[in-house]
Amino acid sequence: MTEGPGQLSQALPAAATEHWATLTAATPAWNWPGGAEVAVSLSFDVDAETACFELGDEGLRRLTKLSDGRFSVVRGVSRILELLRRYELPSTFFVPGWTAENYPHVVASILDAGHEIGHHGYAHLRSDNVSVDAQEEEIERGFAALEAVGAPRPRGYRSPGWEVSPETFRMVVSAGFLYDTSFMSDDRPYVERYDDLQIIELPSHWSLDDWAYFDPSHLTSAEAWRQNWWTEYENARDERRNVNYACHPEISGRGYRTVELGRLLERILSDGRAWFATMEEIARHVEPILRRPA
Amino acid sequence: MTEGPGQLSQALPAAATEHWATLTAATPAWNWPGGAEVAVSLSFDVDAETACFELGDEGLRRLTKLSDGRFSVVRGVSRILELLRRYELPSTFFVPGWTAENYPHVVASILDAGHEIGHHGYAHLRSDNVSVDAQEEEIERGFAALEAVGAPRPRGYRSPGWEVSPETFRMVVSAGFLYDTSFMSDDRPYVERYDDLQIIELPSHWSLDDWAYFDPSHLTSAEAWRQNWWTEYENARDERRNVNYACHPEISGRGYRTVELGRLLERILSDGRAWFATMEEIARHVEPILRRPA
Amino acid sequence: MTEGPGQLSQALPAAATEHWATLTAATPAWNWPGGAEVAVSLSFDVDAETACFELGDEGLRRLTKLSDGRFSVVRGVSRILELLRRYELPSTFFVPGWTAENYPHVVASILDAGHEIGHHGYAHLRSDNVSVDAQEEEIERGFAALEAVGAPRPRGYRSPGWEVSPETFRMVVSAGFLYDTSFMSDDRPYVERYDDLQIIELPSHWSLDDWAYFDPSHLTSAEAWRQNWWTEYENARDERRNVNYACHPEISGRGYRTVELGRLLERILSDGRAWFATMEEIARHVEPILRRPA
Amino acid sequence: MTEGPGQLSQALPAAATEHWATLTAATPAWNWPGGAEVAVSLSFDVDAETACFELGDEGLRRLTKLSDGRFSVVRGVSRILELLRRYELPSTFFVPGWTAENYPHVVASILDAGHEIGHHGYAHLRSDNVSVDAQEEEIERGFAALEAVGAPRPRGYRSPGWEVSPETFRMVVSAGFLYDTSFMSDDRPYVERYDDLQIIELPSHWSLDDWAYFDPSHLTSAEAWRQNWWTEYENARDERRNVNYACHPEISGRGYRTVELGRLLERILSDGRAWFATMEEIARHVEPILRRPA
């Protein structure tokens, strides 16, 4: 298999035309609980040191880069939990198996605070970059590690690095997840399809991922981040849909950023029209609407 | 043919001195319809999944990246059409053949709303990266696909990836397009030339392309985007020229960005001095001015 | 040893679970001197031309790039010293051995003004990129060069390029430094650990490094820089912790940036609640707190 | 000669310690004409299509990228000349030989408006990337081309791509230029040295180059650009030094940017304390101060 501009050795794939056309035409009434006009989910990927594992052996020699990831479990999660406690908000934490095995107390603190735990692979390997065996290990050891530290079987899956290969998609569907949050075909809950596979999708997006604002190689202002995310909230509210913010404790858990995230949450709360929920709660709410016969 | 700094195996090309000097000296009176001081075109490249095809076979395994592109046709186009309907604005959509073949209902919705459809290749392959045969296929299958879904023969061409090779330029001229919108030699309508070829050009620019503001690897604030584009409008109005904004439904069709685009359009409309038109309308208006003997 | 996505030839490392859990749970009362609510350290890495040495022989032929680094010692340090003098603030300068050998007057000016000198390698080679011998030379010649120009034996170490290999970590611990400032596991003073090694850590972060805001390939506004750093200060104050700003004289010593840095310092001073100190002073203050038996 | 991290096959160079220490200590009184507190130079590099030549043969096939550069001579220069005329400001244009040969009318328009023309190589090849022969051709054909279109022999040199190799530095000194503006060791006029070579330097910097704000891969807001450059002006004025803004007609000559540049110039003019001058005028003014025996 070759790679590179224009190196296409196979026929271009066809789209599931009817399926996507149906989504385009759909304007589901979500009827959020309590008369809310918009549903808001906050999620946090607890990658910790796993971001270095993608670099191979060399990554394991970069002790500073490892420590930058470790901030997630040493400091970020507890700061985020405190923020959520202050505003009494539920949230979903996607925890790679390696993180759970090595920091079981972090998983315990998340569960103690009543938040949801989701599946985020084992060593955070991006599925399209590794062998099918490695992909299977990501899924299976991910489950096993969460189980070993006492987490309920996860109902949701988020792919490491926002990428899903065909093989991993099949594994995710086979594993019987209630919902996935790895795709970006829509900004409303929808059914994602590929080949004969389908799953309920709660999409996020690169622009709703804190990484896009704070990677050191393209750092922007925390105010711009807050402003973009506020405007997205306004639009979701006006369209009566939902918005799924995707954060990382080692990114949004840095002091000045948590302050700005708090300002965003305060403003949304002041608006008085949002239903804050875990992703599982949102999935359970939208499932009957999405599965309803046309 | 080698590539790299300083690897020039041929003589440097000469410029068409007289031609470009004429443009520099020209200050055409555009006399926009209805006494407007400025002409504004909005255009949208409906790339959908084709952005992945440049990555070769590996791109076809990246289901999340494919879904990020697919947002264009699932969600972006309809949101943009609604925006245009609200302000009663005409627009031009450049649709790759692959998109048309796979999402004929999207082309239909654009045509139903009265907008123009332009040529944007077949699989969105950048012409300077592929063989002459592949370039021919891009042009020919691009035409065929649009025809197959009932679109009128396109009068305008925009190159995929803002790049045109000498071979593709020849094909574009031979195909008899009324206008091209792939070059950047001026910010007024002009005649682009290369060798013995020439075409009426309605130029845009990287800074008038939403990609430059919102690619995840260099995301900036949506307010900065709106501000830059507003100032460009002011300048175009003061110079009595036109401005061609180039957007993508999977980029500008994201919620918070459509809100900002709406704010830009409202401000321009409030200014009361713009003629909003399709690119074909602008081309037809400027053609006699550009073809007028000196 | 191979490198690349998923090329892990060894077992994934285990985390020092208990150690990091203790940090997470800890909320030390720092009791900053004079009743201050927050400790602030300013530090400046005087890299000068050494940034080019990472490029190998080719770097030595890039006279402009070398001059961009040299600005540090020709202009940046004196402007920074003047700023510190104006506000009567102490600071820490991390000086590579090569810089000290070639610009002994710069070291003298820093010492004359009463600031601390820290260890920053010899030729600023990133430890994970070079051989063990080269790493040893970085440490040993770094010490020797500072001694040769009359600096006191440095008590603190900052790694070149924010990266520490296992071998260099062992050398740093063996050298008996009072503190290190190369890791990012926390944003409070803490004990960094790897294998059987440990050291008192005064962490900074990429987002508290001026490079992330001003590298020419991703330049942002100086106002955004000041705003981010001010919010970090507010958060550190509210949490009664400290903040370690990491600058470079060739970056923050550019005119318009020194102006903004001055505005930040004025605002912090006006707040009246900060203890400005050298990193050594902070290390001496926190050492008994960190070494206290639980 | 190898390249890469830590690939240093030669001894590290020593700095001209005494020379640079003298600069550090110097606080020359520039005594700008007319009692001005600050000298301001505007310069414009008329690269036109030459930016593509660095890409080798492949660059010559990228007709759109070539057109983006060509905007410089088709549109940018005349818009900049109009801006300068409006405020009656002198300026310096650095024109590669290829540009002069192909667009002699552009050189004529610059000369007619009374501005200075400087040397900017022939095909804009970065000196450290090409052979010594190619470097010689850059210098010699650069002179010949400017002479052929009637420009006075240039008194100043700016290196293509802000990089100078040892060989090119020697050629520049041998050619007898009055001043160079390629280095960044200081932000005041100074004498740049390497080996036995020296030249009067009027330094600019990456942060004073419009490219750093507007390259499509890291575009920022035009307001941030104006604000950074205004603060640099304020600092230069307060320090009674000068500031050298470095622009490109294909960058700053884009409509919305010229508007912002105009706002910057208006604000500086309103301040009433600047001496706007060509770089040659500044060089002539500072030469006796820099050459004065200590």
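To keep things simple, chains are lettered A, B, C and D as they appear, and every chain counts its residues starting from 1.
Quick note on the criterion: a contact is a pair of C-beta atoms (placed from the backbone, for glycine too) under 8 Å apart; a residue touches a chain by one contact, two chains touch by 3 or more.
The structure displayed is predicted, hence computed values, not measured ones.
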Checklist entry - Taking shared residue numbers divided by all residue numbers at the interface, is the value for subunit C and subunit D over half (same) or under half (different)? => result different
Checklist entry - Per the centroid of Cα atoms for each chain, what is the distance between subunit A and subunit D, given in Å? => result 47
Item to check | Cα-centroid distance, subunit A relative to subunit B, in whole angstrom | outcome: 34
Item to check | Shared interface positions of subunit D, touching two or more other chains | outcome: 218, 220-221, 224
Checklist entry - If each protein chain is taken as a node and each touching pair as an edge, is the resulting graph a line, ring, star, complete or other? => result ring
Next on the checklist: Under the definition above, what is the set of subunit A residues touching subunit B in their complex?
Outcome noted: 1-10, 12-15, 17, 20-21, 23-24, 128, 159, 162-166, 169, 182-188, 190, 192, 194, 203, 205-207, 209, 212-213, 218, 220-221, 224, 227-229, 231-232, 234-236, 239, 243
Item to check | Touching residues on subunit D, where the partner in the complex is subunit B | outcome: 49, 53-58, 60-65, 67-68, 70-71, 73-75, 77-78, 98, 102-106, 109, 123, 125-126, 129-131, 134, 214, 216-224, 254-256, 258-260
